[in-house]
Amino acid sequence: MEYFIQQLINGITLGGMYALIALGYTMVYGVIQLINFAHGEFFAAGGYVGAIALAYFAGVGYMDSHPVICLTAAFMISMAYCAYLAIGVEKIAYKPLRKESRLAALLSALGMSIFLSNGMMLTQGVYDKVYPSELFQGRFDFGMVTLSYLQIMIVSLTACLLIGLNLLVFRTKIGMAMRATAQDKTMSALVAIGSNRIISLTFAIGAGLAAAAGIMYGLYYGSVRYDIGFVPGIKAFAAAVLGGIGNITGAMIGGLIIGMVEIFGAGYISSEYKDVFAFIILIAVLYFKPNGIMGENIDDTRV
Amino acid sequence: MKKRILSIMAMGLILVPFLFATVSAKTLKIGSMSPLTGPYASDGTDIKNGVWTAIKVFEEAGGVPGYDKIEFFPQDTACDPRQAVAAANKLLNLGVVGVVGAYCSSSTIPSSEVLDEESIPMITPASTHQDVTDRGLEYMFRMCGRDDDQASAAAKFMKEALGAKTIFIVDDKTTYSQGLADGVEKACEKLGIKILGHEHVNQGDKDFSAILTMAKLKNADIFYMSLQGYSSAAMMTLQAKRLGLKSQIVTQDAVFQPKYMEVAKYASEGVYLTYGLTDPSTPEYKAFEERYVPKYGAIAAYATYAYDSATALLKAIKAAGSTEPAKIKAELMKLDYQGVAKHVKFRANGDSGSSYIAYKVVDDKFVPYWEPANGLIK
Amino acid sequence: MIQEFKKVWKQYTIGMLWLLGLLWPMLGIHPDGTMTFQTTFTVWTYILAGSFVCLIIYVIKVSGSLKFFADPISRAAGNLKTTSTALPTWTWLAAGLIVALIYPQFAGRYGTDVAISVLLYICLGLGLNVVVGLAGMLDLGYIAFYGVGAYTYAILNTTYGLGFWICLPMSAFFACIAGCIVGYPTLRMRGDYLAIVTLGFGEIIRIILNNWMELTNGPNGILGIKPIGIFLPIFENGFTFEHFWMKKLQLFYYFALGLAIVAAICVYRLNFSRVGRAWESIREDETTAELMGVNTFIYKLLAYAMGAIFAGLAGAFFAARMRFVSPESFTFLESAMVLCMVVLGGMGSIPGIILGVAALIALPEVFREFESYRMLVFGATMVIMMLFRPAGLIPAKRVGTRSEEREG
Amino acid sequence: MSIQPILELKDVHSGYGSIKALKGISLKVMPGEIVAIIGANGAGKSTTLMTICGIIKAEKGEVLYQGKVINKISPEKLPVMGLCQVPEGRRIFPRLSVMENLRLGAFYRDDTDQIMKDIQHSYEMFPILGERKNQQGGTLSGGEQQMLAIARALMIKPKVLLLDEPSLGLAPIIVQQIFDIIAQINKKEGTTILLVEQNANLALQAASRGYVVETGEITLEDEAQSLLSNPKIREAYLGE
């Protein structure tokens, strides 16, 4: 039982991180029907900027006196940077291709992903960038079950971000405009919604969430590297599809499911086949519900 | 427009092989193969830097008679067998006389076959898999140790020095890590250490919480971590400590990288690892340190081996006085000198012997802790 | 010219400032608590200078000042085109074939090796073209079939000692079975759902290859695969056949050439057959195709199977050439690369795919000189190529538009 | 003529890629009038409206609104200037509620109180929308969607309202209702209306002037009443 609870905690932490990344995929997909392969790189860039910022604060000595302020600042800086990066990427690599076939944009995204991850490698080096692990070192022990402060911090921050995003999308005017743009770009232009700005905003929000996930990743695992975006990127993409791509609630549920399946598959059946379980669940769900768990009936679109 | 692009591309494609075919006579060409991109880029870069240093040192010491300079061609394998073979063929085309590389055993094996066909000596600084030299290739040499030697040394260390009765093994399913983990498992059985579990993770995994929870439940004396690359090992160590794993952590030579302590931080304290005996007090090591550290930073696992590999190769060429493969091989076999990482002396199958000892991480440094012959080092 | 410049300079300036903003945090903030601008500025200035040259060329081109220079060229290209269409197609094919045949005599070992890779990937690209280009299903796990083919030959050869020529059809067969297994559950899905499921299948097959120790020897891969054996007639002591192991690179080259040509002919014939038309109808509008009596289920499965067969053949050849297989050769990135080749060249167009493959295999090899910069340049080139030729280098001729390309 | 036309097209050409849909359309709409454009399927009626709104860029010619050239302005800025379209097929946002659809109509406006009042006003004008205000747009019937589309357009407070096929696919009784509302809007609010219809009879009865479009060109221009009595028109578009 204790084993189960421990694995449950592990699963929620991992699933939360996947959910944050998956949101970016799903939002971008919802608005311009593009699988943004470079999204994983935003995640990695977020991790890097967070590491750089924290190292800088430590260097000037603020880190010891005001750790919480520094951490908050690092989150802000990194989310802003990634939003800035994502807007740039969108303008350069995707916007000119919006009228072309979707495969062209897909490949452009793939190229951008390779470019960004190698760009990070060249500017930041091939070695791991270290996060200060002194923050949140403590943990609660309930018999065999361990719950670290870091896990609590990650899960609660993830929950806050998800709730915030939900409020933004479903309660505000901007969120309404985003949903409208996703459904019909021509019509939203006819009611004075600038689709270009909304698309930029979507990219920015998605990348910002990925950046937050990147910092949490760095804090949790201790370091970041230029190639960390790839695997979580694919898992998060799977999570987005599992939940029904284009659906924000779906992405959250999908992320949690993928994280749980991975942890429980590894913990109870076999750790080397854990990715297989994640993908089998995905395939099984899609076989019976071809539009994902929360997906609406999308139009008959193919490559 | 279309036609123009096509014709330019076609011309480019036709020119490619010719461009690389130009060979001038007065330079000695040495190649290296290692992953400069991809997940193992850090280790690959260390290898490249090690070879560079060796060439610089050798040139300053007078170089090879009859040649104006030594040219160095580092090639990227990305740890992908196809690219490794392409790189090997590229080096052949460039007319290199010897190759240092590759890193991943799965790259070394197919590319060595290509090089062996043309009788180009290849010295690997990092591929520890048995099959690298056990295939009977004539021009395949190895500077580092062998997995089977390391495994038995590790098992002996755990039994004798740590008094282990139970062990939990994790590997990450690469040629290197799995071969080593299997070897450790066998050696432990022989010594009577009970195996409580042998789990695998996949390459590129970052989250190990599931198997660490399992290991915590099993609570073995030893948690043996066999991972390719220091980075995932550091992450696993950190996560293990956070989760409250009480077992002793023992790991292996791929982790011998100062960055390990930087990433794992407090968690790395007290971790044991096996690594070939490198005596940092020898003048050779000191000299290497003086040249390497200011330029590339802290010395890592494969830089020293790469340095020794390149030096051995150059020494053999100098002694042979020609670039004829058979002569170089004969001279390589004759070598017997103190290198940076180890005493260099090749055996008939191309191995240079293993000298694994155990290190312990103390105050963010690898400190020699135990050796098979004499027990604890004090 | 000034006018054109006026139009773009604002965007250009914003873009460059944007880039500076992106570069600086990565290069200018140091962990010791200092901030510098020097390195960032140097790097940025290089990029600025490079892109400014491109901008000037662009402006000159748009303003038409390049006419005196471009006109004769385009006229010459036009003339070339008319002569090229005037000559029958077979002369071009024959010329191409001759060049291909004598190529290894001139190219060195490295050149031949790269050429073999190109031919192998042409075979793969043509196979994927059946699935993506003809039937219109996005497949991100295609490389798995290649892996199945390679492992089939590797296992049969090392454990049962079967020869290459017996294993070749068997590799194709097993790959085809794998194609059907992957195809069956995915047929209900459409669009990007299909993409992620095929990606998942690709990963599943790779993980199985990596973990099923008894069968595949896991990450160690399978060593000691025999190269292709051929029988050559020997006339010395009467007439006998002698068995040779093909070890020479040039022989491999010719075999790969043969494989690629067979694949090209097959795909060409398929495209204009009844099956090809059925695929086209599925690609353009699946619902309508179904209503018109096309059995979409069978045809989609067939597309998977056909694509997988080509991959299986290429895989067996790959195993025979490398004499070593390991799961590292069959990652998602490889699938993505093959897809890039197909799309970059132009979906559905055979010459396009050949060019796409040649470009994508040759590019990283050409950039080998740049060492660690090569993948960066490669990624950038991919984006730029897509921006300038989104339909591919040689797009397929197509009648009508696709359903999703219409407005809305 | 001292009165300036509120909307004017001067020799406008546009199209989809290589297909030329408009080959030189010129027309004028005076403030406060209802103008109908009639024509067969594919004659270029909808394209004309899309070109006015900037969704399709005019390749040649000028679109003037209140005397200003607007073809270079990006489409989302036009509604702010009071130029608004109810496109063909309604194009309700199917997964937004009725309420949200209406609020999006007032997207550019910041006067929250006035917006709420306007929404209440729409519910009064179309009581059925008030009943369904929390229902998703996609679940409404065709007539209700048309009403919602018009109501949404009115939220923009348009000076010129472009209506594209408001009768398409609706039951005759509903069509009558809709046309009554159109007349009402024109009269009460003084909104200028440019109406595109295949149902020539209805359109010309509602309108004061009419244009006939054939294959991308204006072939006839007249008072609505005289068009209605024109035998050629009666034959071609009124089925007599």
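Each chain carries a letter (A, B, C and D) given by its place in the written order, and its residues are counted from 1.
What we mean here is this: a contact is a pair of C-beta atoms (placed from the backbone, for glycine too) under 8 Å apart; a residue touches a chain by one contact, two chains touch by 3 or more.
Keep in mind that what you see is a predicted model, and the values were worked out from it rather than measured.
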item: Those chains which touch chain C and also touch chain A; value: B
item: Required steps from chain A to chain B (each step between touching chains, minimum); value: 1
item: Chain whose mean Cα position lies farthest from chain C; value: D
item: Chain pair with the greatest number of C-beta contact pairs; value: A-C
item: Intercentroid distance (Cα basis), chain D paired with chain B, Å; value: 73
item: Between chain B and chain C, centroid-to-centroid distance (C-alpha), Å; value: 33
item: Approximate Å spacing (C-alpha centroids) for the pair chain A, chain D; value: 42
item: Distance from the mean Cα position of chain D to that of chain C, given in whole angstrom; value: 49
item: Chain C, residues touching no fewer than two other chains; value: 207, 210-211, 372, 375, 407
item: In chain B, residues with contacts to at least two other chains; value: 37, 41, 45, 173, 200, 202
item: Arrangement of touching chains [line / ring / star / complete / other]; value: other
item: Chain-to-chain touches, reported pairwise for every pair that qualifies; value: A-B, A-C, A-D, B-C
item: In the complex, chain A residues that touch chain C; value: 29, 33, 35, 48-49, 52-53, 55-56, 58-61, 77, 81, 84-85, 88, 91-93, 96-97, 100-108, 110-116, 118-124, 186, 234, 237-238, 241, 245, 272-273, 275-276, 279-280, 282-283, 286-287, 290-292, 298, 300-303
item: Residues on chain B engaged by chain A in the complex (per definition of touch); value: 37-39, 41-42, 45, 173, 199-202, 204-207, 209-211, 213-214, 216-217, 231, 234-235, 238-239, 242-244, 259, 262-267
item: Chain A residues within the chain B interface of the complex; value: 3, 6-7, 10, 13-14, 118, 121, 126-128, 130, 133, 139, 141, 144, 146, 148, 150, 217, 221-223, 225, 227-228, 230-232, 262-267, 271-272, 274-275
item: For the chain B and chain C complex, residues of the former touching the latter; value: 1-6, 9, 12-13, 16-17, 20-21, 36-37, 41, 45, 74-76, 79-83, 85-87, 89-90, 92-94, 104-106, 109-110, 113, 117-118, 129, 131, 135, 173-175, 178-179, 200, 202
item: Interfacial residue positions of chain A with respect to chain D in the complex; value: 173, 176-177, 179-180, 183-184, 186-195, 296
